[in-house]
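Some structures are shown below for you to check.
Next come two complexes built around chain A: one with chain B, the other with chain C.
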Partner chain A sequence: MTAFANRRLRVLLAKLGMDTHTIGVTVIAHALRDAGFEVIFTGLKQTAEMVANTAVQEDVDVIGVSSLSAAHMKHLPKLAEFLRQKGAGDKLLIAGGVVPLEDIAQLERAGVQKIFTMGTETKVIVDYLQTWWAAKLAAEQSGG
Partner chain B sequence: MSQTAAGIAAGVLAREIGAGARLIRWLEEGDPRGRDALATIYPHTGQAHLIGITGPPGAGKSTLTNALISEQRKRGRRVGVIAVDPSSPFSGGAVLGDRVRMQTHALDTGVFIRSMGTRGQLGGLSRATFDAILVQDAMGYDVVIVETVGVGQDELDIVSLAHSTVIVSVPGLGDEVQAIKAGLLEAGDLFVVNKADREGADALTRQLELMLHLREQTRPSDWTPPLVHTTALTGQGVATLTDELDRHLAMLKASGGFAACLKERNRHMFESLLQEQAARQILAAALAEPSAAQLISAVEQGDIDPYSAAAQLVGCISLKFS
Partner chain C sequence: MTIPHLKAQSEKRTAPATPSATTPLAQAFKEWQQNTQSPEVTKRGERQTPFKTQALHWPVHPLYTPLDLAATGFDYQRDVGFPGEYPYTRSVSPNGNRSALWTMAQVTGFGRGADWAKRARFMLDQGLQGLILEHDLATTNGYDSDDPLAEGEVGRAGLAIDSLEDLERAFDLPFDRLKYLMSVCNAPQPVNLAMIIAALEAKGVDPKQFVLHIVNGILIEYTCVGRYIYPPKHGLRIATDCFEYMIEHHPNWAPISIISAQLYAARANPVQELAFSLSIALQHIDALLERGHSIDKVAPYFHFVTGIDMDFFEGICKLRAFRKIWARLMRERYGATRPEAMKVRVMSSPGTMSLTLQQPLNNISRLAIMATACALGGVGETMTTPLHDEAHALPADEAIRVGAAIQHIVAHETGVADTIDPLAGSYYVETLTRQIEDAVMTEIDKIMDMGGALAAIERGYFQRELAREQCDRNRALEDGSRKLVGVNHLVHAEERREIPIFKLADEVEAEQIERLQALRKRRDQKTVDAALEAVREAARSGTNLVPPCLVAVKAHATHGEICNAMRDVFGTHHPDAQTAGV
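This part shows the complex of A and B:
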């Protein structure tokens, strides 16, 4: 569709709470940029509500949270709740970092749609987002 | 959220940030719903004080914008911000980090910050940015700040067509005034020496004063651009800068410059749209000519010079605009 020649996936990358480890999120940001995505970074020490507001203002498709401080069970469900409250529940919420496997099911129930655990290659994340984006665009086209 | 043009336009006029953000996205992507919604909100534009902020990378534009938002909020104004950052020319992707410096305002409902990548489309950046400004303007933001690295014609257009163009420089970049490109020096309505607590600020100030004096000699005007010292990180000098911005706005309103600036911006948008659409149609018509393929390969082989080939092809186009 030529009318949508400028359609481009927008991703918000966020760090919540007192978690100040930035290397992982920086590596991801560069990988997503190189895949042709537009990445917006919130910076550090954000609250769930700040991230949700930012996601609305930037009209991103995806919110990716980097969590390395073991506070994921506290922040992620709250973020999912704020996104729903602010009418942004249709955006894809994903997370990555130090997340024990036994927490994943509960986070998924809370609305985190995908969790990438330690050691995930950036290519895996890029592939996941590309597949998700292609499906979203296809659904838009067929839905009119 | 409604996904129709009428629904989004109504949301924009009801000052819903989500609707504004969605409309900016539609306009940026060329979604036909964007044009329809824009037509609806258009009569509500033309009120905001548009401030363009530019300067070399590392000058502290985002930090200064952040401090300006705080000061404008203190004065009771609602603030919209468009932060433009370069896209990668290789992948088309971008890391937009300007708003990292502005997140203190993330919970303030009177502030709407939107990041934009330059995306590299022909003439498209200034159009997409002006579209976003129109949306924030229609949402009733009293002040709209556009922040961009002033490199390239498009970005120069954006800042120079603002009501108040602020040029930010910092000491320590080497030949400081070199960093202010020729066009920017002419376009500036206000000049800022940021990081004014650093060594070299005095020397930079003297150089800027000299340049502005020379500008005054060649292009006299009623407005003498003020030179303001700031330390954006602490907020030092930002109240003075805001006073000067207010004074500039009052001068524009009294002199008719406010309306004239808007007129120029409207005309610029119209001409760039015309140029873009006409160029696209003419190019398509030219490439549809039977002789086009042959001419292209002749140019590639060096059998004919590109000037003659282009003239020949344009000569045989028959244009039928739909």
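This part shows the complex of A and C:
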């Protein structure tokens, strides 16, 4: 095992704009911590730029946005763009919450790599992140 | 069950049902268990081990008898009494719903002022007499529509209000048919209140002809949902200012509502919901008493909105216990003497927690069951029904019609409202009502030991308790120990029923911003600046914030600008993850 393999996955959970519903993000935060990940929460009423700055400062691996308002189509593409601008385009950007199926393709094109719709079980998200993390660690190791 | 001391209490209270007593009934009960029930259980087993209540996870016995009541020391006159008399367990109204049914209301609010007025008129045409005005998230959180944070939210979750002109457009309503208007906007309360007063004045509406109800129980927002602006102690001061202004200038209006349904929707169990919301009410009361008001003057104004979800009996017993606990707190804790101070005012609402995205028509049956539970529990003054398509999107017209119909069906077709408190005397209902009462009193004592609701909020106690309930409920749904039809039970993967979804046109936001910016150009900026400085000065000096806000809205200072003037003095609230419970 290398130093990389011992590193815990760092996840920034974020709420963008005026969406103040926190049950989803709370449940996810606790499930991810139970899975052994390190979880940081931005708090409420964040702009896309604020979240991108926090992601860089905290050097997280994953940014997870909880969205329960209709503003996801405004904020999420902006967040992806800010992350690229700040040289953090390699971080995993995922989202979950109330996202209509018809919006998903457009968000994926904008750089949101995975969207978990309402009713997704927490273990599905944990499995997804563990798989992604294992692949990333393997790539870091083989890439030197 | 997640509160250890409550668990202990519930076990202690429910245990005596297996009697060691030697009365003839106790003997007969024992014989029934041994000779009649037990062989059946041995032969066929039981569906669940153990049976537990839906929300509190308290043990549920196979049978409740007079022995259970005897074990709680049940005394009809002390514990239940008569309608309209202390302790009001049966009803605060002397004749229940026999003289008049509850007021039937529904939430509405979206788009621009004119959109809202059109929708509100449609709802009044459906037989509703009361309306609940929801602002959009930008307004509720104290921002103008052109703030970067507001992008994508303008007019979406409710009505967008930037200036007095917006509200004047929304108030294009038949006020002669409107008995009741509730405004849910909370954190920017002095601005909201000032806007409403000024808009009514501009429309020539007599403020005495209907009841304006503002939410104003701001401390709830710091425990869940998070529509706060300023640090909690300043939030409390602002709420107290608005309360004082209203009882002085508009004594027929309703200056506070503690939306305990919000706690409920955030997964509080019935004991937490009552204990947290009541201790928050006590904090608001203490703030008013500190300003020299008497309990008999302020207590009658307190109002609660509670939710009844699918935990049928716990919901009914919660409403019954609610009335009794309030009466006890007002009399025992504060020495209230006026009956009005001891009669709790409640609006009840079927909950949204069990409404599912999947198989949305099932939600109509859930709402009917929950509305029936509200009626059986005594409703309160008003009932509001959420809509079966809420989980999908903002409600469509058909859902509004069905939502209104549900209340009429319960009221007119079932007869449940025709006798007062019809479940009183049920061995189970009386036992559970008493258990809930005892557990709530214990939890309130615990909160008081922390220094009260404000201190409990500042240290994150409520928030962490709720977070744990949220995680527990989610786990129970994921592991199947709690069944929800369409979600983890009777799931039909192939069935996908489309229901009409309300869409708001994109130009709403652009138009709203355009109108706001045009207003800023044409108004007298000097007057606005002076008015905003007066708001800052009141915030600093501690004089009532409503009068300077009234001057500011009339000068067409915008909603966000006035909220910002108070931000300059009070700062903003941004709790860390530990305090937020996340």
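Simple rule for what comes next: the second predicted complex is superposed on the first by the 139 of 144 C-alpha atoms of A that agree within 3 Å, B and C clash if a C-alpha of one lies under 4 Å from a C-alpha of the other, contacts with A are read in each partner's own complex, and residues count from 1 in each chain.
In this text, a residue touches a chain if its C-beta (ideal position, glycine included) is under 8 Å from a C-beta of that chain, and two chains touch if they have at least 3 such contacts.
All of these numbers come straight from a predicted model, not from anything done at the bench.
By the touch criterion defined above, A:A88 reaches chain B but does not reach chain C.
Looking at the shared chain after the overlay, A:V126 reaches neither chain B nor chain C. In the superposition on chain A, A:R8 makes contact with chain B only, while chain C stays out of contact range.
By the touch criterion stated above, A:D59 is placed in contact with chain B alone, chain C being left untouched.
Of the two partner chains placed around the shared chain by superposition, chain B and chain C are both touched by A:H30. Contact with both chain B and chain C is seen for A:G43 once the two complexes are overlaid on the shared chain.
When both complexes are aligned on chain A by C-alpha atoms, chain A residues 29-30, 40-41, 43, 47 touch chain B in the first and chain C in the second. If you check the complex, the residues on chain A that touch chain C are 13, 17-23, 25-27, 29-31, 40-41, 43-45, 47, 69-75, 118-119, 121-123. The touching residues of chain C, counted against chain A in their complex, run 137-138, 140-141, 143, 148-153, 156-157, 224-227, 266-267, 357-358, 391, 467, 470-471, 474, 478, 487, 574-577, 580-582.
On the side of chain A, the complex with chain B involves touching residues 3-8, 10, 29-30, 32-43, 46-47, 49-50, 53-54, 56-59, 86-88.
For chain B in complex with chain A, the residues that touch the partner chain are 1, 17-18, 21-22, 24-25, 28-32, 87-88, 90-97, 99-101, 103, 106-107, 112-115, 117, 119, 121, 124.
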